[in-house]
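Here chain A shows up in two complexes: once beside chain B, once beside chain C.
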Partner chain A sequence: MAMSMNRRVFKWSTWLGWQLESNWTDPFPFIIYSIAKPIAGSLILVVMYSIIAGIGGQTDIGLFHYMYVSNAFFMFVAQVLFGITWVIHDDREHYRTLKYLYISPSNFFVYMMGRTISKLLVTTLAVIVTMAFGVFFLGVPLDILGVNWLLFIVVMFIGLACVMSFGLALAGLSFLTAKHSMGMNEGVAGIFYMFCGVIFPISILPAWGISLAKVLPVTYWLELIRRTLDLGVGIDTALAGISTVDSLWILSISTIVFAIISVGIFKLGDYVARSRGLIDMTTAY
Partner chain B sequence: MKFEEEYEKPSWMVMNMRTAFGRAYPRIIGVNREPSWVFFDTFFPILAIAAYIYVYTALQAPPQYLGYVVIGGAMTAYWMNVLWGMAAQLYWEKEMGNLELYMVAPISRMAIMAGMAIGGMFTSTVRAVTTILAGVFIFGITLTLEEPLMFIGIFIFTMTALYGMGMMFASLYMMWGREAWHMSNLLTEPIYLVSGFYFPVKGFQFLMGDPGFWLAVGASIIPVTLGLDGMRQCFFGPGDGFLPLWVELVCLIILTVIFLILARFSLSYMENLAKKEGRLTLKWQ
Partner chain C sequence: MTKYAVETSDLCRDFKVRQVKGESKKSTVHALENANIQIKEGELFGLLGPNGAGKTTLIKILCTLLLPSSGTAKVMGHDVNTHCQDIRQKINMVSGGETSGYGLLTVRENLWMFSQFYGMPSKLAKRRIDNMLEIMDLSDKKDAKVRTLSTGQRQKANMIRGFMTDPDLIFLDEPTLGLDVNASRLIRDFIHKWMKDKPSRTVLLTTHYMVEAEELCDRVAIIDNGKVLACDTPHNLKKLISKESALKLQIKQIADVKPFESIPGVRNFSFKHDPTTGTTDLKFILEDEAIVADIISEIPKCGSKIISVEKTEPTLEDVFVALVGRGLHGDE
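For the complex of A and B:
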């Protein structure tokens, strides 16, 4: 009975999330919207690299591929983190449905998962478009036939579970914060952007930064993606001594640890919000 | 005793100044009631900017490029505030039910927007100053103000033109539903790209020749493009500057006048249109 209800909640919350993401406009503007943002984000790096290469700086094309691929896949981190936490603020203050969700018999945790899936779908489209743009217009040498797809799927599955668990932890904190605290999502994404070797190899960080990077599972996730796609390989990432299998183990174990901690933070945030009457808080500054 | 005898009606000027102060007040006080904001909105965004600093380090860019990133990073605070705290705010006010109160109040809509701008500028300035201090003290970037008077002029007119543009956008958001939220989202990375937040806008010309020059000219409609370029020239000299400083200042003054006039007419026009179409109180579109 509970299982069947959870399935329904998951299905319809995914549908709701998709509708919220996409039905504000017609399909064509929606596609343009979905493409323009990620392409522009990647082009910032392209222009930065091209200017510096043009004036005689670093011209290692491998570094460019490294930046481009990692930045494309980092969209999952940024969008999912932002998406999950925004569900709390949006439902609480904009649509003001959070309190109704709470008193309904549905499992709120499952509802959150469903809403996240829709965000993942939109982000997947953006990542595919960005990678295709890189391959067709910027000469990113992706050899589709040479990719270890089985490993890629496993890595993606574990990595996305990891990102979603981080998002849940932030959602737990979002119960207690005002709607303008988007800086929190931005900031946590910023930590990963800075320390996980997204747009530069972690080897150029100071020693303490490298140590921190090696604790964060997103570092291993992005490294494994680059290895499976065989892009940006050869750059000194400070992870060269760690084999692919070991990286996968580290990613898996750290994901499990972070998932347990995240569920704990979510439950704690949920408990404190209910105790303090914050479930229907509005913060219209 | 009649109310009119007890209460002397303030002059138009005083009433609108009170309005601006009244709308700025909750934004400034609101952040004090949410101490977590200081941490999330000042410390965390620095990380994303630090990542771009490390990109230039990895690319072995000339040192002034690190300074370009710091100044660009500081200006992102204002751009984000214009998008989310000015333009999209009227959409949010409509959803919250405040917009109809604004409309029935005997005050200028421009005064309300000015209050939002002042309140928003306070929080954005805290974030911008923190970014610059982090650049100087953490990353050792040397900022020498070579043209202090010009810098003050460029900064003031950039801000006025930028927030004038925010007011103009706000009138559109009065009509829109969720498109407003997505539009703000769309105007983030693409504007970071064309306005050269992380590289000098002259880079387009360097990379693309004449089309690049005209691309930068087109991007100059957004005041932050010339403002950023001008501020960078004030700190690092005209080497990577797009146009001579005085030309940029004159353009910014013209943009200020244009955007303030357009904002005035646009707010009035869209308010009437929204009233006719019954959209002022339409929520959750």
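For the complex of A and C:
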């Protein structure tokens, strides 16, 4: 009973998220948006690389590939971190459905997982567009036949599980924040952006920065992605010494740890929200 | 032993609020103070009270949205603090006067999705949704996007969302707020029928409309400032402020009015013949309104016929004013 119920909730919350994210009633702007936005993002990277290359006099094209792949896959992290808070705030204040979902017998945690998955699906589209644009127009040397796809799938699976657990922890905290306060998520996303090897290798960070980077699972995830796709490998000297198998272990274990912590944070947020009466809060502007 | 759908004991809920925005000094609002309410299974129970009385707060606690500050509340036998999952299997809630739902989805999609969040079997869900759309006179809107509905139509859709899961206990927070006369009527009739169809069902509703409380509710609690001031049947509540009720009758003229005087329970009796119309006016003050039936049945025995009946009695509104000290809409 509980299992089949959770499956239903998961299925229909994913469906709901997909409907709301993709807005098929208006497919044209949606498609333009989901193509144009990632491409614009890629072009900004080109500019950033030119500046970095110009200042440092560094001409290693590997750095560009490093940045390009990392940024493309970082979209998953950014989308989930920003998106999950919107889900809670929109359900609560815009659609006014949060309280009805909350008092239903369904597991709210499963509901949030469904909504997160649909975000990941929509983001997958953007990541594919970005990668394809890179390969066809910017000379990103992706050798599709040379990739160990099995390893890639395993890495993606663990990585996305990790990102989701961050998202769910933030969902718990989003119960407590009002609609206009997105600071928390920007902060978390910002830390990942700076310290996980997204726009520059962590090896250029000061020692304390490298130590911080090395406890963040996203660092290992992005490095594993780069290695499996064989793009920008070896640029990050700080990670070069850690074998792929070790990275995979570190990623898996930290994902499990973060997932457990996330459940705790979610439950705590839920409890505090219920005791303060925030589940159906509406903020006056 | 009576089974209670809702049982609260010394239930309190405080809110800390900032007095002035931005200032750190906080004051405490006692939204509920030692509320003791027992609602039997099968009862249609009404909460009546002015704005800010604590009605919504009570509903929120009972439907597991809000935790109590102190005291206990049990819903369907389960404690709201510790067993909210058990409670959620058995309840649903609708609050009126709000536009809830995913505007991009159609009415049916919205309802379908919620039916799945309640684990309803697919066939049953489909059948019930269609059936209830019919009842709520919303069938022609079933494939319309929710955002295109009027406020009243959205509220009806929200009612369907609440009732379609067939809860044992449903909380209705001002279900007819903002609805036109016909829609309100429809909803009241629906609630009434829903209760009759399965006598174990329980409803807790809040309202600002006296008629609604009087017409629908088996029992009514009057609350103000978080305190329950009175709780009884509308009939008994009215007896609180006046034990007597008055009855005026106009009948075809009769010669002898003696039999009326001797009916037990008649406290006061007067009459007046009107030869021009050929009628007699009778006026009674009764100890109990059950006696009305005795009086009415006496009339044919005297060889007369009733032309008109007028009963004057205290209204629930009078009770409310007497207890709360002011009218429900601020008009004294």
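Keep this in mind: the second predicted complex is superposed on the first by the 274 of 285 C-alpha atoms of A that agree within 3 Å, B and C clash if a C-alpha of one lies under 4 Å from a C-alpha of the other, contacts with A are read in each partner's own complex, and residues count from 1 in each chain.
To be clear about the criterion, a residue touches a chain if its C-beta (ideal position, glycine included) is under 8 Å from a C-beta of that chain, and two chains touch if they have at least 3 such contacts.
All values derive from a computational prediction rather than experimental measurement.
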{"item": "Touching partner for A:277 - first (chain B), second (chain C), both, neither", "value": "second"}
{"item": "Which of chain B and chain C A:103 touches, first, second, both or neither", "value": "second"}
{"item": "Touched partner set for A:137, first chain B, second chain C, both or neither", "value": "neither"}
{"item": "Touching partner for A:95 - first (chain B), second (chain C), both, neither", "value": "both"}
{"item": "Which superposed partner A:48 touches (first chain B, second chain C, both, neither)", "value": "first"}
{"item": "First, second, both or neither for A:157, with chain B first and chain C second", "value": "neither"}
{"item": "Broader residue contact with chain A after superposition on the shared chain, chain B or chain C", "value": "B"}
{"item": "Chain B versus chain C as contact partner of A:249, first or second or both or neither", "value": "neither"}
{"item": "Those residues of chain A which chain B touches in one complex and chain C touches in the other", "value": "20, 25, 95"}
{"item": "Contacting residues of chain C [partner chain A, same complex]", "value": "15, 60, 63-67, 85, 88-89, 91-93, 98-105, 109, 113-114, 116-119, 145, 161"}
{"item": "Residues on chain B engaged by chain A in the complex (per definition of touch)", "value": "26-27, 30-31, 34, 36-37, 40-48, 50-52, 54-62, 65, 84, 92-93, 95-96, 98, 119, 177-179, 182, 185-186, 188-190, 192-193, 197-200, 203-204, 206-207, 284"}
{"item": "Chain B partner contacts - residues on chain A that touch it in the complex", "value": "20, 24-25, 33, 36-38, 40-41, 43-45, 47-55, 57-58, 63, 67, 93-95, 177-178, 180-184, 186-191, 193-194, 198-201, 204-205, 282-285"}
{"item": "Residues of chain A defined as touching chain C within the complex", "value": "1, 4-5, 8-9, 11-13, 15-16, 19-20, 23, 25, 95-97, 99-106, 111, 274-275, 277, 279-280"}
